[in-house]
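Okay, so chain A shows up in both of these, paired with chain B first and chain C after.
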Partner chain A sequence: MNAPIFRDDLTIKPQGLSMSNEVAALKGRLLKSIGRSVYVYRVDCGGCNGCEIEIFAAITPIFDAERFGIKVVPSPRHADILLYTGAVTRAMRMPGLRAYEAAPEPKIVVSYGACGNTGGIFHDLYCVWGGTDQIVPVDVYIPGCPPSPQATIYGFAMALGLLDQKLKETHHVEGEGESVPLIHPEIPYALRVAVERRAREMAGYLHGKVIAEAFLAALAAPEPASVEARLAALTAQESDPRVVEIYGQLRAVLRAMVVEQAS
Partner chain B sequence: MFKLLKEIFRTGQATALYPFAPPQTIKDSRGKPEHDPVKCIACAACTGACPANALSMKTDVAAGTRTWAINYGQCVFCGRCQEVCPTNAIALTTEFELAVARKDDLITRATFKLAYCRTCGAAFSTLKEVDYVARLLGALAETPKEAERIRAHAEICPACKRRLDVEEMAQANPVRQMECL
Partner chain C sequence: MNAHTPLRIGSSYVAALRAKLPHAVLEERWQTDRQATITVKLEALPEAVRTLYYVHDGWFSTMAGNDERGLNGTYGLYYVLSMGGAEKCHMVIHAQVPEDKPEFPAVTPLVPAAVWYEREVRDMFGLEPVGLPDARRLVLPDDWPDGLYPLRKDSMDYRFRPAPTTDAENYPFINDAKQETTVVPLGPLHVTSDEPGHFRLFVDGEDIIDADYRMFYVHRGMEKLAETRMGYHDVTFLADRVCGICGYAHSVAYANSVENALGIVVPERGQAIRSILLETERLHSHLLNLGLACHFVGFDSGFMQFFRVREKTMMLAEMLTGHRKTYSMNLIGGVRRDILAEQKLTTLKTLGELRCEVRRLVDILLSTPNIGGRVTNVGRLDPKVARDHSPVGPVLRGSGFRRDTRADHPFAGYLSGATPINVQTGCDVLSRTLVRVSEVFDSMAIIENLLNDTPAGPILTEDFTYTPYKFALGFTEAPRGEDIHWSMLGDNQKLYRWRCRASTYNNWPVLRHMLRGNTVSDAPLIVASIDPCYSCTDRVTVVDVKKSTTKTVAYKEMERYCRERTSSPLK
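Now for the complex of A and B:
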């Protein structure tokens, strides 16, 4: 049988690009406080186009990135910021590098979206280099798939020294006697499973869990009101008719199990 | 001109003020998956479910630890981790201010202690997970003695469990059902 082939065997790791001290100093000043408008050139290195759509959403009047003088330009020769989206496919490596070389110094490189940061959902494809920083030095990483327009504005504000970084690397180490409480121990396990299963059938994976949790929390709440009254109150609070329908179904599941127990 | 001004006043301001005002996010917008390491039992359900492999679990037997990590740069904010987490230790929030200048700041880690099999001494799980499973199944037991037996079983590695099962079966001396056919 043939030996397995891994992506790293098929691709070479490119050398990092070098930068003179002078340019690095200029770039440092640019990153700290730019004090003028900035021109952005967008390089799509093989994403799904979701990121492009959000970038254009960010320059619409609702989010209006031009308030900060951020303007999208059609040529890298005008650019202060190069905005790389996409996972950097093999075919896009050279165009990506050409755009970088074409932009005048000093330039800021922003890596946009999960794809641009690490390759994201496409990280283990055979034709993917896995992130902008594999080919050019990156100054700011904006996570998201795609980043929302507000996240885009935050990322740019950070790149231009207007806002500070919030996310920091953390490492939690398990302390002595850490113990996790059981979830809803007062609800019979079989009922919990039945409710969660029904909610997921009705609402799909994530919302199913969220809806089931809200339902179980109302069921387990230590209130003087009767169970039926509490669940009716939960249903009455909900404005989304689809969720109301699902709560109705979950109450039916509950009733069926209670009747079964009684008989 | 007058018409234009009238239109402008009628429309009001469309632009969101962010970043000069608090962000407007809706309840269901998908942002940073927030992990509570105290509630996490290191079961690795989320790392198996994560479609982008943003979550990882590494076991270091020599150090006796298992380290969970999330890379926010790789996460696609799908919420699969929230769905599968048995203890609700990880859940999406609406936090979106995640941009960083240093790539390592995208990573959050949590380290847990390994559990060792009480029969053969091999590392097979984490202390918190074994404890959680024993309490979860123990709550279903009808007698305290049964709960104690469940806890004892939870603290044994799969290989030893298989061996013990065979021994228990042999002791019980089951009648062979097939012979009379």
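Now for the complex of A and C:
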């Protein structure tokens, strides 16, 4: 009755395109070292505009991709690179294919953003075919939602052999008896959780973590001064009134927990 | 809006409706003190909507179809009106369509603003609006099989992809011109930055006689996704991805709709942070549009300067949220990150720099003599047409209407009466641009006020319970106008139905009226002035009906002609 539904049973897959050996060889050479300026044509196959707007940011004065010879052109017939953004929607399949056919060989296809790469959050929807590589062969993937202009320029540089791929890879092997240390093992677990939760409520995930850490460190410090004195000193050092307010809240949590324990 | 007063704003409209249609009003349900859903008999639906719209100064906000057969054996239709009169509130007219006879009397003949909504509900639910003259598809692609309605609960799995029925794009375009015209198709791929859309301009010589367009090239099925794969609390992040430019406004509108449905009181500090981020988003969006306005009148150095200055707002967003776009800051009940003193000071400093720079650029832009000539009296949106079609945002305010969701229906951290409304009465491209210029400066002031006087307390509340089948509206004023979401919770930690309406949805239908009577060279400028879509296409095919010849003009040529206006490519 409730047999599992597999995606492949539901899905008609669009047919991918193939290319001749000659074109593939030319393209391989182009990818290694292009040695000149490149013209880019954008194909939006169903993006939300986030990617488009970041491409725009990448070609305007602050980031200025044109200094690397990367220029956006208004027709696929002028293009060396086709930049596909967005999950490919049903309605954009034919226009996307027409743009691909219109660009002269050898052409490089760059898939841009989470949706272009895999379909992103929309990957399995009824009106979407998935990532760019479902309809045309892709050479370079630029990740991000949306990718920042820095990532965009880096992606192009990779595509064009402008950068040698010098990723500094290291491997870590776990040693004998090595383990990840616990944070503040001397503070009772329930107290730590209560402090962290309150800090998150007050200041969110990023700042809350920093503030809770500072508070717990002061709490756990092996000083002769009393806990109250240490926390008062921590609060007095702080110049940001909002953080002072949050420390006050955390001290209230501490007081409530300790009183509860004592009674 | 969080104050719980027994006073229900909008009761007089319900009373007026009961008086006008004595036997047709079946039920009234209040979601909040300013939101009521009034169930009427199906045959009284058009008259009920017309009464609120034209007699009581209502504006068409959205319409949601809903497959409620699992709950009560009918399809629900929810026509949402934003009331602009003395009692500012949202009135929702609800009618039930029986399962065995899936048709309803169309509202469009009485209220033209409903046309896209009724075409959409036919596509998605297979409910036939009887009396709707436009029989074309709106949302579904040309290659979608007939008789398959994606949003019906029993029609298909959300992952089901039927084989394409055709490789041809066979959408019929409508031309109301009396004389013979030449066809200028534009799109769907555009050279500048925006979504795909296809335009047909019907021209006589240089003059645009009529225009039609095909949108929804990027329909993906988000509403179905929100009801199936995602939990109700994940949809805030999906809503961020509705639009890459004003996604945060959608996220707030969605969170707001669930918070209204469940009666969640969001802490004041969280509300203030939402407003600060919404205004940051407005800054980058308006500066983008001002830059593009420069580009389309051939003032490219202005374009580059506006984009240079705009980067400050992007860095501001990155500092406050962690990402330049797609902020992902909202949770149901609050926000995910506080603004501490360091961020506050950097923001105030950046805003100071931004104000000087934008002031200088705007002075340069407005004192360039060519600008006035290109944008004055171009792309007129007649106030009468605007009243009939309910456009939103700067498009509406540029035609003299004082409507701004932040002031009319205060939400998030916007205090009642504190938000200025910028209005221009020229009805043209210039007016819409000037509205945006004033809003840039207002946004900066709003952010400064909120930062200098941020309420204390938490940014998030987790004190609420998920209650099945509650529903309500949520709304924001995005840079392009009102975004409005209608959400109904299910019984499985998911949504039963999510209807998300972006501001530009209400602005497209009036574009046709704005293009008529202008010249071809102004078309990209007029389209850009509603701020959805910036330009034409990769190439333009010109079909001369009289000579039966086809001539293809490069897009560059078309755009050059828009900027320089010499040597027409159509000759």
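One rule holds for everything that comes next: the second predicted complex is superposed on the first by the 173 of 263 C-alpha atoms of A that agree within 3 Å, B and C clash if a C-alpha of one lies under 4 Å from a C-alpha of the other, contacts with A are read in each partner's own complex, and residues count from 1 in each chain.
To be clear about the criterion, contacts are C-beta pairs under 8 Å (C-beta built on N, C-alpha and C of every residue); 3 or more make two chains touch, one makes a residue touch a chain.
Source: prediction; values computed, not measured.
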A:174 in the overlay: touching chain B, chain C, both, or neither? Say first, second, both or neither.
first
One more residue to check, A:213. First (chain B), second (chain C), both or neither?
first
So in the superposed three-chain picture, is A:79 touching just chain B, just chain C, both, or none of them (first/second/both/neither)?
neither
Considering only touches as defined above, state whether A:231 meets chain B (first), chain C (second), both or neither.
neither
Which superposed partner A:148 touches (first chain B, second chain C, both, neither):
both
Considering only touches as defined above, state whether A:124 meets chain B (first), chain C (second), both or neither.
both
According to the stated criteria, A:52 is in contact with first (chain B), second (chain C), both, or neither; which is it?
second
Scan A:108 for contacts with chain B and chain C and give back first, second, both or neither.
neither
Between chain B and chain C, whom does A:87 touch in the aligned arrangement: first, second, both, or neither?
second
Across the two complexes, what residues of chain A are contacted by chain B and by chain C?
61-62, 120-121, 124, 145, 148, 205-206, 208
Residues on chain C engaged by chain A in the complex (per definition of touch):
140-144, 150, 156-164, 167, 169, 188-196, 216-222, 224-225, 229, 237-238, 241-245, 247, 288, 304-305, 307-308, 311, 314, 322, 324-326, 335-338, 340-342, 454, 456-462, 538-539, 554-556, 559
Sort out for me which residues of chain A touch chain B in the complex.
31, 61-64, 67, 114, 117-121, 123-124, 131, 133, 138-145, 147-148, 150-151, 153-155, 157-159, 162-163, 165-174, 178-180, 182-183, 185, 189, 205-206, 208-209, 213
Which of the residues in chain A end up touching chain C in this complex?
5, 7, 10-12, 41-57, 60-62, 72, 74-76, 86-87, 89-95, 99, 120-122, 124-129, 145-146, 148, 200-208, 239-243, 245
Please output the residues of chain B touching chain A within their complex, sorted ascending.
14-16, 18-19, 23-25, 29, 32, 37-41, 51-54, 71-80, 82-83, 86-89, 92, 96-113, 127-128, 131-132, 135-136, 139-140
